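Scrolling down, you'll hit the structures one after another.
Both complexes below contain chain A, partnered by chain B and then by chain C.
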Partner chain A sequence: MIKYVLQRILYMFFVFMIIMFMSFVLIRMLPLPALAPNDPHTEILEIRREALGYNKPYLEQFWIFIKGIVTKWDWGTSEKLYIGRDVWSVFMEKLPATMIVNLYSILWTIPVGIALGVWAALKKNTWVDYTISTLTMVVISVPSFVYAFIIQYLLCFKLRWFPFVMKAGTDYFSWAMFKSIIPPILALSFGVIAGFCRTTRAELTEVLTSEFMLLARTKGLTKTQATVRHALRNCFVVVVPGIFGEFIGIIGGSLIIENIFSIPGVGGLTLAAITNLDYNIFMLSTCFYTAIGLAAGLVVDISYGFIDPRIRMGSKK
Partner chain B sequence: MEYEKIPAEKFRFVQENEKLHDTELQTKARGFFADAMIRFSKNKSSVIATWILLGLMLFSILSPIISSYSIWERDRIYLNYEPYVPSIAKKGLGFLDGARTFSNQNEASMNYWKGIAQETGLDPVIRQVNQYAYTVKERGKEVTKYSYDLEVNNYYALGILYRTLTYEEYEKIQNWQNETGIQVIFPYVEQKDINGITDKPNIWYAVDSKGAAKPDKEGNLVPVYSTRQEIAGPEYHSIRIPSDPGNYIYAYQKSGSLQCRILYYNYYIYMNGHEPSYIFGTNSGGQDIFCGIGVGARFSILFAILVSAINLTIGAFYGAVEGYYGGWVDMLLERISDILSGVPFVVVTTLFQLHLAKKVGIVPSFLFAFVLTGWIGMAALTRRQFYRFKGQEFILAARTLGASDKRLMFKHIFPNGIGSIITSCALVIPGVISSETSMTYLGIVDLSSFAGTTIGTLLSQGNAVVTTAPHAVLFPSIFLGLLMICFNLFGNGLRDAFNPTTRGIDD
Partner chain C sequence: MSTMKKLLAVLLALAMIVAMAAACNNGDSGTTTGPNSTGGGEGTTPPATEPAGPTYTITEFDPNAKYTYNDWTTSIAGSWNVHNYQSENSNEIFQYLVDSFYTFAFNDELHPMKDPTRTPFDGYVIIPSMASGMPVDVTAEVAAEHPDWVPEGATSGYAWAIPMREDLYFDTGYHITANSYVEGMKRILDQRLQNYRSTDVYKNTYGIVGAEDYFFQGQENFQSFTDMGTTYEEYIANGGSVDDVFMDIGEFWGIETAEGKTYESITSEVEIRDPAVPEGADEDYVSTKYLWDNYLGPDSVSGYYQAGYVNQYAGTVKSYPADVNYDDVVGFYAKDEYTLVEVFKASCADFTLFYNAIQDSLILVEPDVYDSCIKQNADGTWSSTYMTSKETSPSYGPFSMTEYQTDKLVHYSRNESWYGYHDDVNNVYKDPEDGNVYRLYQTTDIDLQKLDGVATAKNMFLSGELIGYGLQAADMAEYQHSERVFDTPAPTVFFSLLTGNKDGLDAREAAEGFDTTKEDIQTILCPSFRKAFAVSFDRQAYCDETSPSLTPAFGIFGRTIIYDPETAAYYRDTDVAKQALCDFYSIDVSKYASLDEAVDSITGFDPAAAKELYTAAFQESLAAGYITDADNDGKCDQTINIKYAVSNTSINDATQLRLDWYDASLVEATKGTPFEDKVHVVGECVGNTTGEEFADAIKAGTCDLCLAGWNGSAMDPYNLLQAYTWDSYSYAAEWYHPKQDMLTLTLNGETVTMSVYDWAECVNGNDVTVDGKTYNYGTNNADQETRMLILAGIEGKLLQTFTYIPFANNGGKSLLSWKVYYVTDEYNAVMGRGGIAYMKYNYSDAEWADFCAEQINANGKLTY
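Now for the complex of A and B:
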C-alpha cells in the first residue's frame, strides 16, 4: 500500500512539473509588458528581469525559476498589480478569504447532501424520492452563478438581510464577517448538496438491492440495523473519497462566485492578473490550481484504497 | 463413386416431411436505434424537456428576426431600461410597461413628474404603490405632508434632453413634425430663468435653487420659457405647444449650431421610425436583450455542438487506439492525456487567448482551448469499451477470418460501444455551454465583436446593475437555466434509452 501511495505521489509530481514547464514556457513566450518609464520600481524590475534571465533560452530560465523556488521560495515579483511585491506573499494574503467561504459551505453541505441522499434512497419510488431527485437534477443542471444572482437580488437587495459584498478586513471569524459571507456560502452550497445527494442515492439504492442485505435481514437484523451497519458502510466507499476531494477543492474556490460577491480571494487575484497581464501572479495561480486539481485526484485515488478493504487487498497482489 | 459430380436432383431435404421448430421469427426485427427511440419516448420528462429544448432553439433562431432591432444597434440613451411594448403598455395590464419603482417621492418630485406630463403629454406615472403621511413643522405650525411610492414609466420619465442640432437637422425635424404631427422640439428654457440648473432639462417652470417647483397660488406650475427672439436662430415654423402665445423660442443659437430641448421619446420615433419596444428591456450597452439572448444562445448552441463533434471524433479515435493496441502504446497515450487533463481550463483558455487571438481570431482560439482538454473524457470512455470487447470471442472469430486491425476496431468493436458513446455526447453539450458562459461572464474571452453578444456577457452586464435594473440579469438567467435543465434531462433520457441493461425491464 505504501509503495502504491509513494508511486502515485511521485507520478503526480512528475505530471505537475511537466505542466509547470509547459505553462512557464508559454507565459514567458508572451511579449513582456512595458514598464512605466518614470516609476522608481522600473529600474529594479529591469534588473530583476535581467537576473531571471529573460533573454536566455527557456530551459535556462526555467532552471533559474525552479532554483529560486527551491532555495528561496521565490515565486517572482508582481510587475503590474502590486508593483515590486513578492507574489507569494500577495497570494497568501488572498488565500484565507477563499478558504473561509468554501470551508463554511462544505461543513454544512456535505451532511445535508448525504442525509437527503439517504432519505431519497430509503423512500425509493415515493414522492419524497421523486421530489428530491427532481430538485437534485435541476440544481445540478443550472450553473451556480444563476443562484448567486437570485440570492444576491432577493436576500441582499430586496430583503436586505445580508450585505451586498463580502466585508473588507481580515477578521475572518467575527460575526459581521460571517454574516457578509452567508450569500456566497449559499450560492456555493446548492451544487455541493445536489452532488452528494445524487451520489449517495445512486450508491445506496444499489447496495440496498444487493443480496447481503437480504442475508442481513434473514439473520434477524432490523431494517435500521441492516441499513446502518451494512448498507451505509458500503455506500460510503464511494461517497467518502468524494468528501476528501471536496476538502482539497475548497482552497481552489470558485472564480465566478468570488467575482459576483467581491470576495478578495485567489480567484479575484487570478482574474485581475489575467486582465492586467501580471504574468508572475498568473504563473503562481496556474501552479496553484494545477496542484489542487492533481492533489484532489490523488487523495480520492488513495482514499479508495484505505476505505475499501477489497481494493486494499487487491493492490497487494 | 465420384463425390464431386453428384447431380443436383439427387439431393433432398433430410426433414422434408417433418415440422421445423426453428422457423424464422415472424415479428419484424427492431433495430438498435429504433429500440432506443421507443424507450426514449416512454420517458415523459425527457420528452417534455426535448420539446422545451426545441422551443428554446426556435426562440434563438426567431428572436433576432422578430425583434425590431439587430444586435449591432445600440441606443445611447435607453440603457438598462425596463421591458416595454407600447401597445401592451397602453392597455395597463401591469407588465411590459417600462415600469421602474421610485420610492419616497415627496412633493417636489411629484411636481417634477407633473411637469413632464404637462409639457410632453406623456404621463410617466403609471400607478401609486404606497402613500405615506408625515408631519413637518412649517412656520411654527404642524403640517401633514405626503410621500409616495410610484411606478413610473421609465421611457416617459426620461422626458426632455438637450441636444445640439445642425441647421439642416433642425429644418428636417420641423418638416417631419409638420408631416406626422408628433412634436420633438420643445420651447427653449434659459438657465438663468431656472436658477442656473443645468442637469435637469425637464424643468420649464419657476423653481427654487434646489430645483423644486415654485407653483402659483392655485398650485399650477409657472412657465418660464424664453422669449428672447435675438438668440433664437432660424425661424420656427412647426408645431408649438398649446400654451404658447406665439413668442416662445425653440432653439438657442450657439457657435454655428443650435441647442434644443428635444423630447427623446419622439426623437426616437423620428430616428427609428417606430416607438421604442423592448420585450425584455435593454442592457447597459443599449442593446435589445430579447434579441441578445437569441443571438447569444444561437452562438452558444452552435459552438457547443461544434466543440462536441470535434472532441468526440478525436476522443473516439484516441481511445480506440489506446484500447485496441494496449501495452506501451496505451501507457504512453494515457500519460499524455493525464498531463493535459491536469491543466486547469481557465489557464488553457487564457493562454490560448493571449497567444492565438491576434493570429487566428478569438473564436478559433477559444475553440482550441476546448478541444485541447475536452476529448479526454471521451477517450477514456472509448478505451474502456475497447478493453471490454476486444477479448471476446466474436473478435477472435473475426480476426481468424482475416479482418484487419482497422476493420476490427471500427466494424466490430466500435459499434458495440456506440450506445454509451452517444449518451456522453448529449451530456457534453450542456457542459460546453456552461464553461463557455462562465468564460465570457468573467471576461476572459470577449466574443461581443464576433457574435454581437453572448449569454455570459449579458449576465455580467446585468449583474453590474442588479439593484436598479434586475430585468437585465433575470431574463438571460432564466433562459440559461432552462436551457441547461432541458439539455441535461434530454441527455439523461438518451442515456437510459441507450443503456442496454435497462432494456426489457419496462416492456
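Now for the complex of A and C:
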C-alpha cells in the first residue's frame, strides 16, 4: 500500500510538472495586448515587458519561474490585477472566503442529500420517492445563480432576514459573518443536495435488491440493520468520490455565486488572470488546482480500500 | 427693589447659562468665527493661513454625528500606488488619500469669479489648497542659475515657485515640506521600479526638465517613430540621418542581439536568426540592413514599403549619461523648506499650469513607508507594495484608509491630521440655500464596496444601504420623474463609425465564398449611400429604448466639452458650434426665430431624404459596377449585409438589441427604394478584447460598422482633434486624409486656406506655414472666438466624411438617496455637483437607520 502511494505521488509529481510547463507556455504564447501608439505610457510598458523577460525564450522564462518557487517560495508578483503584490499572499487572502462558504454548504448538503436519497430509495415507487425524484430533477435543471437571485430577492430584500452580501472582514466564525453567508450557502446547496440525493437513491435502490441483502434479512437482521450495515456501505463506493469531488469544489469556488453575494473569494481569479494576462496569478491558481485535483484523485483511490475491503490498491493479483 | 435685584439676578444667571451653553456648544448649530473672505479667485493670492479680521462665521457640523457615504463599484483596484497605477479604478481608491497644491472650488461670495455677472455656483475658481498662495513665475531667476533648463531668451512661463503651507502632514505623522516632493520625484523616477506614471513626469508636454535624463541615466532608449509622434519620412526630411535609425527587433522578431539589445541599426550587417524561417532555408539569417534594403525601406527592392509598418518598428536610440546628480539635472527642487520650484519643458500659465503641468498628487509619497515596500523579485525586477493595503497607504488627504479587503471593501474615515478641517479660508463655502458658511466635507466616513450586479445594488439602494443608484432602461418608467433623479452628462459622443476602406471591402468581395451576384458591400463607399445611412436613424428613439444614460448627439464634440477652462464655457453652447450643425444638417436658420430654435430642430433623422439618397446611391453603385440590376426592375440584385463589429466572443442581449434596432431602422428607411429589404446589419464577433480591435476591424474594412467614441480632453477640444487628424489615432486613416482635405476660413478679415490637418496643428499651437506665411492659433496666439471658428470649421469637415456619424451623447441618470443632497442641482463639467466635498446630509447615520426602518415597515422599501 505504502509503495503504491509513493509510486502514485511520484507519478503525480511528473504529471504536475508537465501540466505546469504546458500551462506556462500556453499562457505566455497568448499575444500581449497592443500598446497604444502615441500614448506616453507605451514606452514604460515596453521597458517593463522587456525587464520581465517577455522576449526571452519560454524555457528560460520557465526556469526563472521554477527557480523562484523552489529557492524562495516566490510565486512572483502581480503585474496587472494587483500590481506589486505577491501573488501567493493575494491567493491565500482570498481562499478562506471561498472555503468557508463552500464548507458550510457541504456540511449540511451531504447529510441532507444522502438522507433524502436513502429515504427515496427505501420508499421506492411511493409518493415520497416520486416527490423527491421530481424535485431533484427540477432542482438539478436550474443553475445555482437562479436560486441566488431568488434567495437574495426574497430573503434579503423582501423579508430582510439576511444582509444582501457577505459581511466584510475576516471574522469567518462570527455570528454576523455566518448570518451574512447563509444566502450563498443556500444558493450553493440546492444543486448539491439534489445531486447526492439522486446518486444515493440510484445506488441504494440497486443494492437493496441484491441477493446479499435478502441473505442478510433471512439471517435475521432487521431492515434498518441490513440497510445501514450492508446496503449503505456498498452504495458509498460511488457516493464517497462525489464527496471528495465536492471538497475540491470548496477550494474552486463559484464565480457567479461569489459575484452575486460579493464574496471576496478565488472564484473568478483564474479567469481574470487569463483575461488580463496576469501570468503569475494564472500560474499559481493553475498549479494550486492541479495539485489539489491530483491529490484528491489519490485520496479517492485510497478511500475505496477503506470503504470496500475487497478493493486492494496496488495489488498485482 | 429686592424684586428688581431678584429679577436682575435671574436675568444675569440666565445670561450666564446662555453664555456657558454657547461656549460649550459643539452641536450642529454651533458657529466658528472665520477670517476675511479673501481666499482664492483667479490670479489672486490669498493670505497664507491666518489673515486678520473675521467677517463671517462658520457653521460647524455636529462633531458627534457620523455621516457615512455608502458607495459601490463593480471592481475594486488591487493596487493604487500613485507612482504606478494604470486604471481609473485605482484613482477611485486613492482620490481621498491625496491632495494637491491647487484645487477647484465653486464660485461663491468667498471665492468669486472675475466676471461679476456670474452667479454663485454657476462656475468655478482655482484656489490654493496645499499651497499657501498662487505660483510665482521664477523663469528669469532659474534661467540665470541653470541656463540649460529653459530655452534661450525665455523669461517667463517655464519655471514656477509654489509656496506651501506649513501645516501639512501624512496621517503617519510625517511632516510634508518642499523636500518631501523632491524625495517623491526621486522615487517616481527610480530606474529600478520602472513606474508607470514616471512617463507623466518625464515625457509629457509639460514634463519636468531633466527628469528623462535622470530616469534613463546610463541607458539607451529606443523610441519608434510612432512613439515620437512623427514618421520616418518626416524624420529624414527634418535632417535626421539613416545611420541613426534603428529597428525594433525585440518587437519585430521577439529576439535580442548577442549584447542583449532589442534594437539594431538599419545599417547593421550583423546577421540575425529569423525565428519564423526554418533553419537552412533562404533568409534564415538576415541582417537589418538586408531587411531594410529589400523589404522595409522606402526604396526597398521588393517595393513592399508601408509607412505605418516602418513607423511602428523603426525609430531612434538615445544614449543617456550615467551617474547623473539629481540636483544638477532635474528641474524640481526645494528653494527653501516651504517653497517648491518646478521647471517645465514647455511654457505654461493659468489653467494649463494648474491642470496639466503641476502633477503634485502623482509625486508625493511617504518616503519611509515607500522604501519599506520595495523588493526585488526572483526574476530580477523590482516591485513595490506601496499603496496596496491599508498599512501601506499613508494619507495626506481628507480621509484615511481604515479598512481594505481585497475585492470586497474599502473604508475611509476622516483624516484628522488633514489641514483642511482646520482651514477657515479655502475649505469653506457659502451655502446658496441658507446663506451660511460651512466647511467642506460633512462626510465623516466613506464605505466603498464591490457589488457585481445592478439588481443587488438597486435593492440595497431601496433599502437605504447605498447613496446612489444608476438607472437602467427598465427603471425609467418607475423613476424617471422622481425628484431624486439627477442627469450627469459626459463629454464623450458615441458615433456610428462607418468604414470607407475601399481596399478592405474589395478584398472581402474578392475572397472565396463571397458571391457577388447575391451580395455586395462596396456600395457603402458611395457618397449618397453614406449620407442616406446617416439620416436613417431616429436617435431619440434609440436613446429612449436602449439606455436612459444616452441623449441624441449631432456633432463630433459632446455637450460638456469646455472650450475655455477659465470660464467653464461649453463649446456646444456657442453660436459657431450651433451654426456648424445647422450648416451640416442643412437647416435654414432664417426660418427660425433664433439660432437656438434652429439647432433645437435638428433630429438627424429624415426618412424622406434617406429614401431619395438611397435611390441616388443605387444609380451611383450601378455606375461604379458594384451592384447589378439584371432584370431592370429598378431594384438592386444584391443584398448589402453591413457587418457590425462586436467586441466579444458572442453577441449579448444588449448588443443584439442594438443590432436589431440598426437593422429595423435600415429596413424601414429603404422601403420603396431600390434597396428595399436589401440593406441589413449583422453582428460579427471580433473577439473578447480589452483594446480597440473592434475599431481596427473598421479601419481595415474587415467589418463595416460599430459604435465608438473618444474619451478625454473634456476641457481641450483642440487637443481632441488629434484623434481625427493624426493617422496614428484616426479610425479613418486609410480613407480620409486630413492633409489633403482643404478648408477655407475667414479669420479676422483674412481668408486662409490650408488642410484640415494643418488647421488642427496650428490651433494646437504649432507653427504652420502656408504660402510663405506662418500661422499659429494656439492658446497664447489667438483669442477663443478665432480658435472656435477653426474648431467649428474642422468639425464640419469631419462630419462631411460620413465616417463619424454622431449618434448619442454619453451620460448617466441616477437616483440620489434621501440621506444626502447636493448644494447645487446644476451640473458643472468640472465640479460635477460638488462631489463628496460639498455633499450635505439630511440625516446622520443613526437618524437614517431610524428613517429607513420606519419607511420600510410602512412601504416595504424606500420610495423615490
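Operating definition for what follows: the second predicted complex is superposed on the first by the 277 of 317 C-alpha atoms of A that agree within 3 Å, B and C clash if a C-alpha of one lies under 4 Å from a C-alpha of the other, contacts with A are read in each partner's own complex, and residues count from 1 in each chain.
In the analysis below, a residue touches a chain if its C-beta (ideal position, glycine included) is under 8 Å from a C-beta of that chain, and two chains touch if they have at least 3 such contacts.
It should be emphasised that the depicted structure is a prediction, and the values quoted were computed from it without experimental measurement.
> Does chain B (first) or chain C (second) touch A:Gly84, or do both, or does neither?
The second partner, chain C, only.
> Report for A:Phe149: first if it touches chain B alone, second if chain C alone, otherwise both or neither.
In the superposition, A:Phe149 contacts both chain B and chain C.
> Examine A:Ser262 and indicate which partner it touches, taking first as chain B and second as chain C; both and neither are also allowed.
Touch partner of A:Ser262: chain C, not chain B.
> What is the contact status of A:Phe157 with respect to chain B (first) and chain C (second): first, second, both, or neither?
A:Phe157 contacts both chain B and chain C.
> State whether chain B or chain C is in contact with more residues of chain A in the superposed arrangement.
Comparing touch counts on chain A for chain B and chain C gives C.
> Answer with first, second, both or neither: which of chain B and chain C does A:Arg28 touch in the superposed model?
neither
> Tell me the contact category for A:Ala168 with respect to chain B and chain C: first, second, both or neither.
Only chain C; A:Ala168 stays clear of chain B.
> Give one of first, second, both or neither to describe whether A:Arg217 is in contact with chain B, with chain C, with both, or with none.
neither
> Touch test for A:Thr275: chain B only (first), chain C only (second), both, or neither?
Both chain B and chain C are touched by A:Thr275.
> Would you tell me the residues on chain A in contact with chain B in one complex that are also in contact with chain C in the other?
The answer is residues 149, 152-153, 157, 164, 259-260, 275 of chain A.
> Considering the complex alone, what residue numbers of chain A touch chain C?
Chain A residues touching chain C: 33-34, 36-38, 40-48, 50-53, 55, 64-65, 67-68, 71-72, 74, 76-78, 80-86, 90, 93-94, 97, 149, 152-153, 156-158, 160, 164-166, 168-170, 259-260, 262, 264, 275-276.
> Where on chain A is chain B touching in the complex?
So the residues of chain A in touch with chain B come to 15-16, 18-19, 22-23, 26-27, 29-30, 137-138, 140-143, 145-146, 149-150, 152-153, 157, 164, 255-256, 259-260, 270-271, 274-275, 277, 282, 285-286, 289-290, 293-294.
> Help me check something: in the complex, which residues belonging to chain B touch chain A?
338-339, 342-344, 346-347, 350-351, 354-355, 430, 434, 437-438, 441-444, 459, 462-463, 466-467, 470, 473-474, 477, 480-481, 484-485, 487-489, 492
> Can you tell me which positions in chain C touch chain A when the two form their complex?
Residues 78-79, 81, 84-86, 194-196, 198-200, 203-204, 221, 223, 226-227, 229, 250-251, 254-256, 262, 312, 373, 377-381, 383-386, 388, 403, 405-409, 411, 449-453, 455-456, 459-460, 462-463, 465, 688, 690-691, 726, 728-729, 856, 860-861 of chain C touch chain A in their complex.
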